[in-house]
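Same chain, two partners: chain A is paired with chain B first, then with chain C.
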Partner chain A sequence: MLDFVQQLVSGIALGCVYGLIALGFVLIYKATEVVNFAQGDLMMMGGFFGFTFIAMLGFNYWLGFACAVLAMALFGMLAERVVVRPILGYPQFSIIMVTIGLGYFLRSMAGIIWGTDDLKIDTPFSTGVLRLGSLVLAYDKLSVIAATVILCTLLYLFFNRTTLGTAMRASSENMLAAYYMGIPVKRVVSIVWAISAAVAGTAGVLLAPITFVHSNVGLVLGLKAFPAAVLGGFGSIPGALVGGVLIGVIESMAGFYLPQGWKDVAPYVVLLAVLLLKPEGLFGLHVRKKV
Partner chain B sequence: MSESDIILKISNIESYYGPIMAIRGISLEVPRGKIVTLLGANGAGKTTVLKTISGILDPQKGSIEFMGKSIQRMEADKIVRMGLSHVPEGREVFPFLTVRENLMMGAYPRKDRDAVGEDLNMVYGYFPRLKERLNQPAGQLSGGEQQMLAIGRALMNRPAMLLLDEPSLGLSPILVKEIFTIIKRVNEEQGTSILLVEQNAKVALETAHYGYVLEIGRIVMNDTCERLMNSHDIQEFYLGAKEAGARGERRWKKKKTWR
Partner chain C sequence: MRFIFKTDYEDDIRLLPHSGYIWTYGTLLVLLALAPFMFSSYIMSQIVFVCIYATVGVGLLILSGFTGQASLGHAAFLAIGAYTAGYLQQYDVPFPVYFLGAGLLTGAVGALVGFPALRLQGIYLVIATISFAFIVEEILARWESVTHGNEGMRVKTLSLFGAAIPRDSASFYYLCLGFLILIIVGTLNLMRSPTGRAFIAIRDSETAARSMGVNVALYKVKAFAISAAITGFAGVLFAHKMTFISPEMFTLQLSIEFIIVILIGGTFSLHGAVLGAIFLVMIDPFLTYLKDDMPGIIAGVAATFGASKATASNIQSNVAAFASANGLKGAIYGVIIMVFVLFEPLGLYGRWLKIKLFFQLFPLYKRATFKRQKIYVKSERNR
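Here is the complex of A and B:
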């Protein structure tokens, strides 16, 4: 039973990271119908920015964290403006290739700038453990879960309670109508990229004490986050998080209870099963237009 | 008519969809506080004219003046901010946003929160049915209610001028009557100038003050609505009047006078 709870907690923590990356996929997809395959690499960049501010420049952890997230937001806007906007309106395939290319570019640049060694960020919670009776939970994992919950609450409030957030949902539902309403759609899209890069960056910094910072970390996690987004129903924000947590828990359980090798396959088996039974994903939305 | 009484003046605009010329040099004027209708069959280019005015399409040639300022090639959101709102064909509501959120999106360019509250009440006054459905997603409304929402949403911008694209599309005759009564009331009570595009020529001519007839990208006729309604061609080709010929048979091959 204890093992089960511990596996569950570390699965949820891992799943939160998948969920945050998947959230970035979904935000950008909903707003612009672009699938950003560089999302995992944006997360990796967040880790390196965190490393730069905290380990290299010696900032306090929380200040460095905030700086890294802010830098990622600006970086996301820049990527949208320079790489994606010029190619909007061309076939979907070109856009996908561009984001894949962006991912390669970011991985190589990170290798050139920060080297290819595993880097470590010291955090206030990288060592401690929480003891509840005989249950032992590591703070670094709990911190990921806590941060995800806080971040998602903030995003929920932003999207549902503020005019700008509502305008973002409106633009993603019907971009043409958003133009008719006088919503500056291009600025909205660039803010969406900023938010989704910032969310990915947050995941990158949170993950740093668990997996270390490495230029390929985004590729591996991005490949896991993609099924998480599909599982939740591509285009649903809560779906992305639930999908992420599910994949994380399944992976962690399979690693513990099943023979070796199942760990990496199990999430995809579940994904296939879900898609066979419910092709629109767990939280997929279907709407018919009235004429 | 003096220049300052004209709120919207279009001169010789040409718009293309790719290589296809959709409107071929159209000029029209909308007087301040009046309803002007643009009639025409499918594919005549009515919607294209509206899209060109509201900045969704850029005209290749010609000029568009709104309240004395030239607006061709301006970004769509800036044109809305100037007080020119477009109610698009087919409603185009935000399906997963609630009715209230849809209305608030109409007021997105505005900063005067108190006045927005008043205008919300004004919209409920015109469309009491929307008030009953405030917290429902707009996608669940009936077609007529969605059309009301689309008009109400545009009114939330407190526009000096409205572009209405086929408000009768897919609605029952009773609803059409209801919507057009409200359009007329908005024009009279708020002083909103309206450019109305319609296929339902009868109801459009009854509502508007002045009309233009568009065929294959060109304006072929323009006059006051009363005179248009009495015109032979309009009666036969747009109002469907069947006129018996000298020998008591319908003449089928009559040429239009403008051809």
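Here is the complex of A and C:
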């Protein structure tokens, strides 16, 4: 029983990591109907920015964290301006390919600039564990869980309660109509990329003590975040969190109870099953097109 | 400028609309037939890879280009073909049998993937095919009694009717080339048949196709099966060319390379698959060239512009360090993908058509002729 609970807790912690990355997917999808395959690599860049500010330039952790997130927001805007805006309004597949290309580019550039070794950032959470009875949870994982929940709540409120959030939802549903209603669609897209990159940057810095910082970290985690986003329903912010946690728990349970090899496949098996049975996900909207 | 006057449907669907085609493709065929006598074995080996990649490209074009169903899982189909060949070969099954068997098996798997894909569109289909490829990759790594797991599998020399065909012989080249030509002609015929018309109708508008009486589900599954079967055949040739197969050869990276092939070549014509394959296979020799010769050349240029000897050698070592950096290939892939999608969405073949039209219409060419339509209105979420 204790094993089960411990697996459950570590699964939730792992799931929040996926949820945090899936949040980035969901944001961009929700606002522009684009799926950003480079999301994991943006997270990786966030980790490297954090490393640069905290370990190389010797900033205080929180100041370095803020600088890294800000730098990522600017970087996200730059990426949007250079590669995404010119093909806004073209078929989805073009944009998917562009973000795949962007991911390749960022990965290899990060490898060339920062080297291919595993880098580490010292954080206030790096050491120490929380003990609840006989349960053990490291502070660094706790920080990821807290950040995911806080970010999810904030972004959910942002999308549903603010004018800008409403504008984002409107422009995803019908770009042209949103434009006619006076929404500056291009700026909206630019802002959402900034937010999404900032979320990715947060994830990157928070994950640095857990996964370390190297150029391929985004590829692995980014691909695991897909099942999370799909399971939750691609356009739903709470869905990203729930989907992430479910995938994390499934993965950690499969690693513990099923034969070797299932751990890596289980998320994708679940993903295929979800796509087959309920393609709109747990929290997604099911809409039919009128002809 | 040549005007082709068409009087009936037969004229419209001809494979060779006019005599010019016979001359150009005839010359190309003769040159390809003579290639083993003209080029070094290294170049011939690259050309064989071009043939294999182009075959996969044609398969992917049928699915993604003509039927409009994106797939990022074709490496899995290639793997199934390659492993079927490797497995059956252990039991001394003759080449024609396991070649056909691999294609049929891969086609069947493709049809099985096609059924669930019926409900999926756009991004969901992409994610589903990626997951399928992951699962296949993991199965290959774990099903050790058949695939030898991560150790990989040796593939013996191909033998056809008792004669051995080593992987770098001219006969192997002719085999790959012949198969590519067979597939291309077959696909051309397929695309001018009712099936091909149905594929294109589904790509252009699924709703319209359905209301015209096209059985969308049936044709989507057919497209998946045909595309997978062609990729499976290519997998057999790939296995024989590599002589060694292991699960880490068939990753998402390879699937993306196949997409790059049709993206660079152009997704609307079979020419695109061949041009894209040539381009992709050329990247490796180009990188080698970049590593070996470019630093010296750049330093030489710097020296002629008056840089001192120390600066020149400094530049040389810097460029060399950059060119031999591990991840450079990834960066080049990334830049190529982005540049083609942003600036040349119709690919190399589209560029060729533009150049041709420019000279045909000489002073009257309009840039807008090939401009893509932007669609701001459509939400792919509620299709």
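Keep in mind that, in the parts below, the second predicted complex is superposed on the first by the 283 of 291 C-alpha atoms of A that agree within 3 Å, B and C clash if a C-alpha of one lies under 4 Å from a C-alpha of the other, contacts with A are read in each partner's own complex, and residues count from 1 in each chain.
The definition used in the following text is that a residue touches a chain if its C-beta (ideal position, glycine included) is under 8 Å from a C-beta of that chain, and two chains touch if they have at least 3 such contacts.
As the structure is a computational prediction, the values presented were derived from the model and not from experiment.
Using the contact criterion defined above for the overlaid structures, shared-chain residue A:35 touches chain C, although it does not reach chain B. In the superposition on chain A, A:154 makes contact with neither chain B nor chain C.
In the superposition on chain A, A:226 makes contact with chain C only, while chain B stays out of contact range. In the superposition on chain A, A:135 makes contact with neither chain B nor chain C.
Of the two partner chains placed around the shared chain by superposition, chain C is the only one that A:101 touches, whereas chain B remains out of contact. In the superposition on chain A, contact of A:63 is made with neither chain B nor chain C. When the two complexes are overlaid on their common chain A, residue A:176 makes contact with chain B and with chain C alike.
Residue by residue along chain A, chain B and chain C are tallied for touches, and C comes out ahead. When the two complexes are superposed on chain A, the residues of chain A that touch both chain B and chain C are 173-174, 176-177, 179, 285, 287, 289, 291.
Residues 70, 116, 119-120, 122-124, 126-128, 130-132, 134-135, 138, 141-142, 207, 252, 256, 259, 263, 322, 325-331, 333-338, 341-342, 345, 372, 374-377, 379-383 of chain C are the ones touching chain A in the complex.
Within the complex formed with chain A, the chain B residues making contact are 54-56, 75-77, 79-81, 85-88, 90-97, 101-102, 104-106, 108-109, 139, 142-143, 146, 153-154, 157, 169-170. Those residues of chain A whose C-beta lies close enough to touch chain C in the complex are 33, 35, 83, 86-94, 96-98, 100-109, 111-112, 116, 172-177, 179, 215, 223, 226-227, 230, 234-235, 260-261, 264-265, 268-269, 271-272, 275-276, 279, 285, 287-289, 291. Those residues of chain A that touch chain B in the shared complex are 163, 166-167, 169-170, 173-174, 176-185, 285, 287, 289-291.
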